[in-house]
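In the two complexes that follow, subunit A is the common piece, with subunit B as its partner first and subunit C second.
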Partner chain A sequence: MEAFNDRNVSNGYYKLDIEDYPTTAWGKFKRVVRRTFRGELFVGLWVVMREMIKFDVHTVQYPLEKMPIGPRYRAVHEMKRLWESEAERCIGCGLCEKICISNCIQMDTKIDENSRKEVSEYTINLGRCIFCGYCAEVCPELAITHGGEYENGSEQREHYIDYAGMLTPLEMMTQGKQQEFEGFGAITPHEDAGVKKTPLSY
Partner chain B sequence: MSKTINFTIDGVSVEGARGETILQVARKNDIYIPTMCYISKTTPCASCRMCVVEAQGLDGFVLSCNTPPTEGLEITTNSTELERERTNIMKLYDVNHPLECGVCDKSGECDLQNKTLEFNVGQQNFAAKDIPRKIENWGLINYDPALCILCEKCVHVCNEVIGDDAIDVKFGGYSSTIIPKNNDKLDCTYCGECIAVCPVGALISSDFQYTANAWELSRVPATCAHCSAGCSLEYEVKGVGISRDASIYRVKNNFEYTNLCGAGRFGFDFDNKAEKNPADFHKAVEAISSAKAIRFSSMITNEEAYMLGELKSKFGLKLFNEDARLYAEFMKAYSSVSGKKHHSGSQDAIRQADAVIVIGGRIATDNPGVRYALTTASRHNGAKIVYAHPIEDALMKNTITQFLKYEAASEEGVMALLANAILKDADLSDEERAFFNDLDLGYLCAESNIGEEEIALMMQSFTRAKNRVLVVGSDMMAHSRAKNIAKLCAMIEKYSEFSLVVVPSQVNTLGVSLINELDIDEELADNVVGYNASGNFVISSLEFANLAIPSLNQQEGTFVNIDNKVLPTNVALAFDGYTLLDIVQACGVKRENTIDCTKVLDTKAGFKAVAFDDLENFLSAHGDDNRGYILDEVACEMNGTLDSIDDLAEFNGPVIYHSNPVLQFNAYTNTTSQLERDTSLRGSAQFASIAKISDGEKIEISFGSRTIVREFKLDEELKGTIALNPTFDIAVDSSRYRFEKSKIMRVTNE
Partner chain C sequence: MEVAYLIETIIKVVVVLTIFSALAGIGTYFERKILAFMQRRLGPMNVGPYGLLQVAADGIKLFTKEDIIPTNVVTNVFKIAPVITASTAFMAAAAIPFLPSFDIFGYTVNPIIADINVGILYILGIMGVGLYGPLLGGMASANKFSLLSAARGAAVFISYEVVTGLSILAPIMMVGSLSLIDFNNYQIENGWIVFNLYGVGFVAFILFWIAAFAETGRTPFHLIANDHEIIDGFGTEYSGMRWGLFFIGEYANMFFISFVIPLLFLGGYGDGSLLGALALLGKVAFFFFFFLWTRAAWPDVRPDQLMWLCWKVLMPIAVVNILIAAIIMI
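Let's look at the complex of A and B:
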């Protein structure tokens, strides 16, 4: 700990033996000739060749290879479905639209044929989104979350994704592959313990 | 007996007027007593029992909403017991209340939510087995009984203020609900006031439901642009879709103190859309500079009227607006006898009245604001309301105490009879007394079909009345003897306790009649520019315009309403095209903003030199009206004398009466999406037999020089030989008397 706290950086440091820069034209010419014929270039080439032959490459071959992304990573949004009924979780409360600090979420809702609230239009402008995660945090239904999809390069500044594009496809549900979000707003462990039952005297 | 009562609330000594309740006094003194069912404009519902207080010397709690204080009483509004009582009430309200606040349309503007949090209800120890409750669709209104807390505000407002009496509580303990009264379906005028007062999301506009949250809507305080009542309202605006083009989502009112009819509440999408087209604009400027006259409607702001007046003086053209001109003529004749410019009554005066005569108009559909005031007077003051008109109105059935049926076109005779009875003991000049002595009462009674005993009965019912109002409808303006009628009205106002309300037919008829010097419409063949009216070149906010201008919810400006009040209105939606201001500027008038005209409106007509931006537009927490200003009274020369009564005209055969169905007023309400458009001619079975037509038939109606085709609908609530002809879909010449002798032909489809 003492060594760690030692802020005296001069310990163990030493000065490189750097010769003075040439000032005359002749001096400069001599340095160029010396550097050219010493074969420094081949030193570098040798290193590359040596590593190539070893076949022990650490570079990720993006985009052919991708690193796994952490579960709390905040990339392009996803809309989740309920596990039991496969119905959309979003109830159209509008809190994500309200809390969005870059004002990139726009939703319209209407009444559906069963007298329930239905989302009729939902877009996120990824060009404006700063991926702060507030929308996922405020969502009371754990419906809007962030996914791992970070490849959203676009030819223009405005780049919208819509509701259908974010919604978990039904085949993913049947395969049970929907990923739960673990970032801010997700259920914390031991949450069940805090739930009280409604009193039912009948 | 002193008029005030001194007592203390929470140790603060307060003073209440006799007749006030403890709650009213507390609120006046800014002392908070929680309530759930109390609404200021009705009698206390007394269903929530939240307003309980403790009174010293009394066991148990007292309901502050319906208990008057006594001298020296000591009231406590807060104690541990009261807190427990109120918390338990809130817990009971919360039993099985659906936890759908996330989607509920109240979106936080919820009394139940507020009070639940206020009383810190974190835990429930009451329970009841829930029962299935079906969501009802009542046309423009949706009702969710599961959300309903049975506060009964809606029922009280519908009965006591609106007068429809269309909903009722179905009592049944836990299964109580609100139901349409004596009917399976809701049968009412769809004022939507029940939606406004609902403290939870149980009653909701079906068009608005689930489309927006309260916090997303920006509120624009404005004045309703449909009739002359000039009700205050707030347009709630939000952007739609990715483009976020602003659109009006709903209209709200301050339901605690004011009312709004269905046209104001549901008929808000009459905005006009246009883009700037310089070619059209140049044509419009050219048309005006070469015009002989501008014909315009009264559905404009005072500022527009003022600018039209500027065009008149600049180009020396004439201004035609028959509706406002007739009103101005009527009021001029009135002033010549009364010696002042403005009628003395207002909607407030009607509300506080205990005797009202309504004559010469179908008031419930002409001006719902006046109707609601009459209902309030009837229910709260037990007012005697005499309704004189040739056609009975089923909407007024529960409100009026006496119906005087007179013959169409006999208004002058009826007014003379009324004036004669009212001014019997008045201190008249000899000349005026001679006029009444010369009246041939027998002839007038016979021709107008009003019996002397009916008038006597009316006078008898008025004996104890202190606040009396005479409401004169818009039938009178276009009557051939309008001037004499106006003088008779002025006589009644001048020599009796009656105050007078003359109902303007359109939203700003009164304002236009004060601002513009109007000319008699000569029906010129060419060079007439129409401004929201017909003409050779039409500048209008309606369809088929040569140049589009903004409609009244897209304009800043002021109206003068029936109360002689100058009321500001604001821009709810932007308009991209040209306005009258652009035209006036192009014509060489130097003016920067439309609202600069507000300050320069004629003070000789009673306007105050107040800038638009200095006009307030709100109601205080105690309900004090801070909207605009009341016109100053202006003294006029008194040189009018009464003419002798002319022979009363007779209207035989099928007669039609120009009168709009409920919620329809004009071409603007006709363009809205939610309001029903019933364009049929409605008449009684008697009318059908005279005109030889039957229910559902297509007919051709000829009156004056016009012929229109309509469907005939038998209306069981109507009696007599007069049918109702809507005018909102066809422009009817407002210089014509509203009763028309007509020829009716069946249209045969060959």
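Let's look at the complex of A and C:
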């Protein structure tokens, strides 16, 4: 994973020592002779032959094998549950609907019997979603996040995913397998050290 | 003419046609696989075990595709051009001895369709006619990329023919015959022509080999159908089996020239034993592999560079080579 995240190119750049083009006929002739007998063509032949013998194939046979994707990858959304109570984290604040720049999130809320706000409708139009990650960033409860499921082909371009489909299944909660999102809006490491007491003594 | 001879010839023609049509298909498989391995890929893997049935899939695709004749093309020329490429490639095979003669059920078979006395001249001439396919197809296509490709075809044509013709003059002077069987018999007695006459044979071999790349239009001289410069050149407007005929012609040409080079310079099938026959097939396999190998390794040259190379470098070397051969032989 470390190599995956390392996007720095190597520092091994150096300038090629390219000589000037010859201007005289004798110079051109000398260049032709030098190039002819330098054997660079055979170097090329040797390089490809070496790679064929080494047989160090880099193909990922995609539907059968898949590359690991980074934890910050922004694919189809997921709705998380609280670890303790296994209740939905979403409090129906509507910030994600508000910030969504392609207007693909639609939600409806109601007041439930405990007079708490509850989400009654929640859909994301994946045909419009541009996977910018703003919803996950703005969410105050870390409820809506991005998952790693990037294979979302379907017969319908505008295919909706609904709230139940995005919610972490309960059996995954009991197994403790819910994955926290590490992208924008997630808790950074050492967050606890930065927590301060609320200053009450004004 | 005897009936038996007629039947034998027809059988030989059919066998050569079927084997080399199939080889042209399998050649594409080998090309994809070897190029893929050299570029650290896997190549075709999904159709059949290790992608072996990819050839069949391609064949079905080519045969069942619609044969489109675009508007504004010169219809008759457009239709006949691929046939020229494919048919001349196979016609050239008539004078090539593919294997030494062998006995089957007490009947001696000479695996050459017609041992004519102008053998190599006929082969090179017919292979040269094959270039009319891209030329006419490109000019008839009403497409600027095809036209460019046809112009390049003409440039290639006038370049390499000089080198092929002059380079084999020295071996012909040694052998004193144009028949490939006489070439083979000469090399049984005097050793391979490559090593003959103090390097003259070697120079002729290298020149002919270089010209063979231009003749078949393979990578260092892959100018006529250069996909990354002029789309597919003369093949741009073709579809279905007409395009497939160009392809079969190109690959059959590669196989036939791979037969001709060892027969001319590398001892052919030797004394006619089984070992000699296998050695010839091994040499053919090497030359075919080399066509694919260079495609993975080498860059393409420009048309003007090819003409420069053929006229200003290779042709003088070929002429000097002939002179040296003549002086030595006197």
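Here is the rule we go by: the second predicted complex is superposed on the first by the 140 of 202 C-alpha atoms of A that agree within 3 Å, B and C clash if a C-alpha of one lies under 4 Å from a C-alpha of the other, contacts with A are read in each partner's own complex, and residues count from 1 in each chain.
Simple rule for what comes next: a contact is a pair of C-beta atoms (placed from the backbone, for glycine too) under 8 Å apart; a residue touches a chain by one contact, two chains touch by 3 or more.
Remember, it's a predicted structure, so these values are computed and weren't measured experimentally.
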Query = With the two structures laid over each other on chain A, which partner does A:D108 touch: subunit B (first), subunit C (second), both, or neither?
reply = first
Task = Please determine whether it is subunit B or subunit C that touches the greater number of subunit A residues.
result = B
Inquiry  = I'd like to know which partner A:G44 touches here: subunit B for first, subunit C for second, both or neither.
reply    = second
Query = So, A:K117: does it touch subunit B (first), subunit C (second), both, or neither?
reply = first
Task = May I ask you to decide whether A:H58 touches subunit B, subunit C, both, or neither, giving the answer as first, second, both or neither?
result = second
Message = Looking at A:E97, would you say it contacts subunit B, subunit C, both, or neither? Reply first, second, both or neither.
response = first
Task = Give one of first, second, both or neither to describe whether A:M173 is in contact with subunit B, with subunit C, with both, or with none.
result = neither
Task = State which residues of subunit A lie in both footprints, the one left by subunit B and the one left by subunit C.
result = none
Ask   = How about subunit B: which of its residues touch subunit A in the complex?
value = 102-103, 107, 123-129, 135, 142, 144, 206, 209-213, 215-216, 240-242, 244
Request  = Mind listing the subunit A positions that touch subunit C in their complex?
outcome  = 32, 41, 44-45, 47-49, 51-52, 55-59, 61
Request  = Report the residues of subunit C in contact with subunit A in the complex, numbered from low to high.
outcome  = 34, 37-42, 45, 293-294, 296-298, 313
Remark   = Per the touch rule above, subunit A residues touching subunit B in the complex are 91-95, 97-98, 106, 108-111, 115-118, 121, 123, 140-141, 160, 196, 198-202
